[in-house]
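Scrolling down, you'll hit the structures one after another.
In the two complexes below, chain A is the common chain; its partner is chain B in one and chain C in the other.
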Partner chain A sequence: MSIYNEYKTKLTPKIIEDIQDYLKDKKVNDAKLRKILDKVVEEYEQARVHAGESVGVIAAESIGEPGTQMTLNTFHFAGVAEMNVTLGLPRIIEILDGRKKIKTPMMEIYLKKPYSAGKNVKEIALSIKETKLEEISTEFSINLVESAITVALDKIKIKELRITLAQIVTVVSKQLKGFSVKASKDGSSIILKSRSQEESLNEVYKAKEKIKDTHITGVKGISQVLPVKREEEFVIITAGSNLTDILQLAEVDNFRTTTNDIFEIQEILGIEAARQAIVDEVFKVIENQGLNVDVRHIMLVADTMCVSGFTKGITRFGVVSEKASVLARASFETPIKHIISAALIGEVDKLDSVVENVMLNQPVPIGTGLPGLVTKIKKKEEK
Partner chain B sequence: MGEVYLNSKFLGTVENCEEFTSRIREDRRKGSITSNLNVFYYEKADEVHIESSKGRARRPLIIVRECRSMLTERHLKQLEKNEISWSDLLNQGVIEYLDAAEEENALVAFFEKDLTIEHTHLEITPLSMLGLCSSLVPYSNFNQSTRLNAGSKNQKQALGLYASNFAVRMDMDVNILHTPQKPIVQTIMHDISNYKMHPAGQNMVVAIMSYKGYNMEDAIVLNQGSIERGMGRSTYYRPSIAEELRYSGGLVDEVSIPDKDVKGYKTEKDYRFLEEDGIIYPEATVKEGDVIIGKTSPPRFLSSLEEYDLAAGTRRESSVTVKHGEKGVVDFILITENEEGNKLIQARIRDERIPETGDKFTSRHGQKGIVGLIVPESDIPFSASGIKPDLIFSPHGIPSRMTISHLIELLAGKVGALSGRYINGTTFDAEPEEKLRKELLSLGFRENGVETLYNGETGEQMQAKIFIGNMYYLKLKHLVANKLHSRARGPIQLLTRQPTEGRAKEGGLRLGEMEKDTFVAHGASLLLKERFDSDKTIVPVCENCGIIAIKDEFKNKSYCPVCGENVEVTDIEISYAFKLILDEFKSLCIYPKLQLESKY
Partner chain C sequence: MKKQFKTDKHSLIPKHLKLNEKEKQKILEQYNISLNGLPRIPKTDAAIVSLNAKPGDLIKIIRKSPTANESVFYRVVVNV
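Moving on to the complex of A and B:
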């Protein structure tokens, strides 16, 4: 144990852990262990990025170059029928720009043991799907004399969803104030009557339109569900995303369930999860296109997007606005805005990054331009 | 009851639209109403649209009646004997013009044998679906459509005889091919357009094989012997123009040999070709920098009165010289007046262009390529009969592009050359490949066009049989001589002190943003600095206020315009572009203060 502690400063905890795991039931004496660890340290130092390596530019080039090929492929959408997923370059742009509202939010819901094998999958999926009043009714009609709305219901659909008439009545009456809600005698429809007799037709019409959107069952925001078998296991894929509500369901395996909405992940699971989500999502798209980019490039991008504790896009409002140098910020979009605001507060540019030094024609502090000469200049002794 | 519209304006109604339209058509064919009219019956809306407006695209078709083409053998015979003409056919109701709308009511057959009772018209020829350039491609119905597009596009860039009076024309940037030939494999369009009077290519012996990798990636290999015999030779013409312009104050330009005291006088050597009138003599061999037309202009700015008196003495040199990278022989000189009555002089320079590596050639099938190597005739592969290809084309250009017509033309060209006749390769109506193969066999060759070739250097027999034949090749106007460019030092821009842009201005080759990134990615920081110091300057900076100071070279003193003389001024090296942006900041009332620090 003590030997491992000696190496704590030289190796990462993960590597030490791995070595420990590997050597657990092997007989290694102290001298040998020391030798092994020294070798690992050597390898580790070799594998590390050297000082002055321009990792950022290399990451940008490594992602950007395959990106040019992606534009040529117009293969941007995929999926079954109405389940469209943004793929390809538009999706990458969406992630890296840090868009709050993504085009096609999507969830992958994994299930706990008995359900993941296929038990009640269809029912669970259906219960997740958001159902609006409009979908379970066949007709909305207005009775002008009584200023009442009659909603004819689709009995088959109601049966499928396993809801009772009473449930519908309570949900609708909560939504709509000023109306009394009753089920009709034969149970085929619900009748909404205005409490005040003098309701104008316009008001009634507005109410009719409003109740169409009434949320009846399911999870809000999930517009479509699709149970899929994925390697001996059933997974529910949804269009629309609502991580908060889904994770609270008893059947859901909340360790593996994900969404493609990075901001939702950040809000619920934290910034580290969001960083991982960015890496996974970008990598998924690149892999999907049959391209090959090392994850570490994407990890670097995700790191810069998340360092501040919030997800920031690579835009002039996000990551670029954090740059220390005025000139560097000005060289990327809206230069005048940046220069004027810098002038107002008397900003000082230390010229310690790349772009500024290119502008001034000075060596850039990277690679061969990084090391400086440290020496004491001897003053001539007065004789 | 249907509505009738004339040129989209409501006219009235008719009881029976179909009967009405057919009556109009009958009358038009009979000639009792104008043939410039089209009528279209729109069934769904029960409307009749009559069009006689201008600007419609119309095309001629043969009228069909009850399964019978109105164009009979008798007509054809009469046409051959020149007894009737096109307009007679129109008047007789044999042919009529349809516009886009009336075509909707017509059913057109491609060939006479396809006619059924429903057909209303017969295509004159299926070739009519193609334009002029596309129908010049032989066997084009064997091609992918994109290649036909590329092939017809390339033909427009071919060198040939663009105008028969080119010798007295002053066209900018034109070429004439020296010995153009009629193609062996022709289409009917070659006859129609009188192509033989202005051909744009030459028949070459083409072998489809690789040659030491010098014809990979669409390159071609040429036979030097063929070039020396005049293949692909052309002349490039470009006139130089000078005008005697008039300026305010009665001052004018003057075409003459400039006096030695003129501002900007070149060397005496540069003016050596000029005759007394200041214009070069014809047939002078000129090169870069030589003066073609000697000219002086009055001084640019006349501000004070004294300068008016001295005006004559301080005239500016403004001669027209041979441009950077150009050479040639003075061909033709024209002295005339322009629209404003100023003296106008044009001197045309000609330059013989012998094919060289980098020149662009193409067949008529979108198979363009650049000369990759010119091989001495002695090293070119040869056949048993001693035939040597003029051009070696790479087989890798064929499979992915699927230009079958390229291969058929090669075979057809071989048959044509051997039998001494022209081959008809008209689209949809060509001599069949089968027939060509048989004829080639009867001529004593392998029917598939391949031959045994021998290595030109070692004389060894090649293992593979090589597909060799004759093809019509075109030299395209993209000649390297007009494009080649490089620079070390050279002119810079006045404002930014950065190198100029473009070949015409002897400009630099830009190391752009993305190229810069590659330097950064490699960590080649100091190399990057060196590549970007084309506009570096030494600037004195006041250490007190951080603003660019002034250096008085005469007094050898530096001082600051703000802080005065008693202040430390240090020279720093920056790019001139950065100095400019600092000036621009100042103009925006932003104070860009430079804080200097010792580098070491």
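Moving on to the complex of A and C:
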């Protein structure tokens, strides 16, 4: 055991584990073990990326080439509920560009122990789904004489959602200030009456349109829910995403529940979680397409996007804008804009990096071009 | 008011540790780097709110890595 500890700084935990696993039931004495480990360290050092290797270009090629084979299909139907999911190249572009508004936000909601068995998943899913007044009512009618609105309610749906008439009344009256809200005697509808006597028809009509959007129950932003069985437990997949509110719910396992909205993750779980999410999401798409890209390339890209502490896309507004060199920025997109603004503020280009040296026809600091010579120059003694 | 979620309990968040001054100097010396050469993390980041970190502090992050099981990363705390 102690010998392994000596090598902790030289090898990764995974390699040490693998060796331990392999030698578990073989008799190896300490001297031999040391010999094995030394050999492994030697091989490991050989296999590591060398200083000056252009990892960025290699990552770009490794992701870009399989990208040409990806389907351009934006939409894919997953399951019966006809939920749209952005897949393939459009999704990769979306993630790497760091788009704030993604096309199809989705959540995977895991449930805590008693609920995950699947007894009440349907009810839980329904209670999460955002419900508006429009969805639980059958008819909106305006009484012109009394300038009142009658909303006929769908009793079956209300029963499914387990809400009472009183709840609906309070929610609606909060939304609409100038009207008094009452439930009808038989409980099949709610009646809204204008408080002021001379409400114009236009106003009443506007109010009618407004209450259609009243949020009754559920989590805002979740437009569709779909319970799915996944290896002995039930998971709720949703269209629309609202991580903050979902994580507050009692039934939700807030350890595993995730969303595919990288910016939401960054805001609520921090930059490191966002980096992990980028890796996971990109890898998921590539794997889904039956392609094979090493995670290391994706990890490099994700790291680059997250160095500044905020997720930045690989665009001229994101990571490229952070480059120190004017010429490097100009070589990406909108060159004239960059050069003019650099000239105006008198920016200095230190020519530290690759692109600018390519432009100036100088050796680039890559591979053997990276090390510089350091020698002491002695003055020749005069005779 | 914005709702706060206990962030140390999510599968996506790796372990974040605040280093003390001595450890910090050791790391800077080991990698021969100054603080502004390191990746950054905003002071308000959800994962380090409970660590009470000030700008200039060094955060050690122990990530789960598919290639090495565990990998260590450092970020310096900055003002937003």
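Points to keep in mind about this one:
Definition applied: the second predicted complex is superposed on the first by the 325 of 383 C-alpha atoms of A that agree within 3 Å, B and C clash if a C-alpha of one lies under 4 Å from a C-alpha of the other, contacts with A are read in each partner's own complex, and residues count from 1 in each chain.
Convention: contacts are C-beta pairs under 8 Å (C-beta built on N, C-alpha and C of every residue); 3 or more make two chains touch, one makes a residue touch a chain.
Fair warning: this is a prediction, and the values are worked out from it, not measured in the lab.
For the composite obtained by superposing both complexes on chain A, the positions of chain B and chain C are free of clash and fit together. By the touch criterion stated above, A:163 is placed in contact with neither chain B nor chain C. In the superposition on chain A, A:58 makes contact with chain B only, while chain C stays out of contact range. Once chain A of one complex is fitted onto chain A of the other, the partner contacts of A:310 are limited to chain C, with no touch recorded for chain B. Judged by the touch definition given at the top, the superposed model places A:249 against neither chain B nor chain C.
By the touch criterion stated above, A:142 is placed in contact with neither chain B nor chain C. By the touch criterion defined above, A:176 lies against neither chain B nor chain C after alignment on the C-alpha atoms of chain A. In the superposed model, A:363 lies in contact with chain B only, and not with chain C. In the overlay built on the shared chain, the residue A:320 is in contact with neither chain B nor chain C.
Using CA centres, the angle subtended at chain A by chain B and chain C is 120 degrees, rounded to a multiple of 10.
Across the superposed structures, the minimum distance from chain B to chain C, using CA atoms, reads 22 Å.
Across the interface of their complex, chain A is touched by residues 3, 5, 7, 9-14, 16, 39-42, 45-48, 61, 63, 65-71, 73, 75, 78 of chain C.
For chain B in complex with chain A, the touching residues are 516-518, 520-529, 532-533, 535-536, 573-575, 577-578, 581, 585, 588, 590-591, 595, 600. Chain A contributes residues 12-15, 17, 244-245, 247-248, 254-256, 258, 265, 267-273, 276-277, 295-296, 299, 303, 306-310 to its touches with chain C in the complex. Residues of chain A that touch chain B in their complex: 52-54, 57-58, 60-61, 339-340, 343, 348, 354, 358-370, 372-373, 375, 377.
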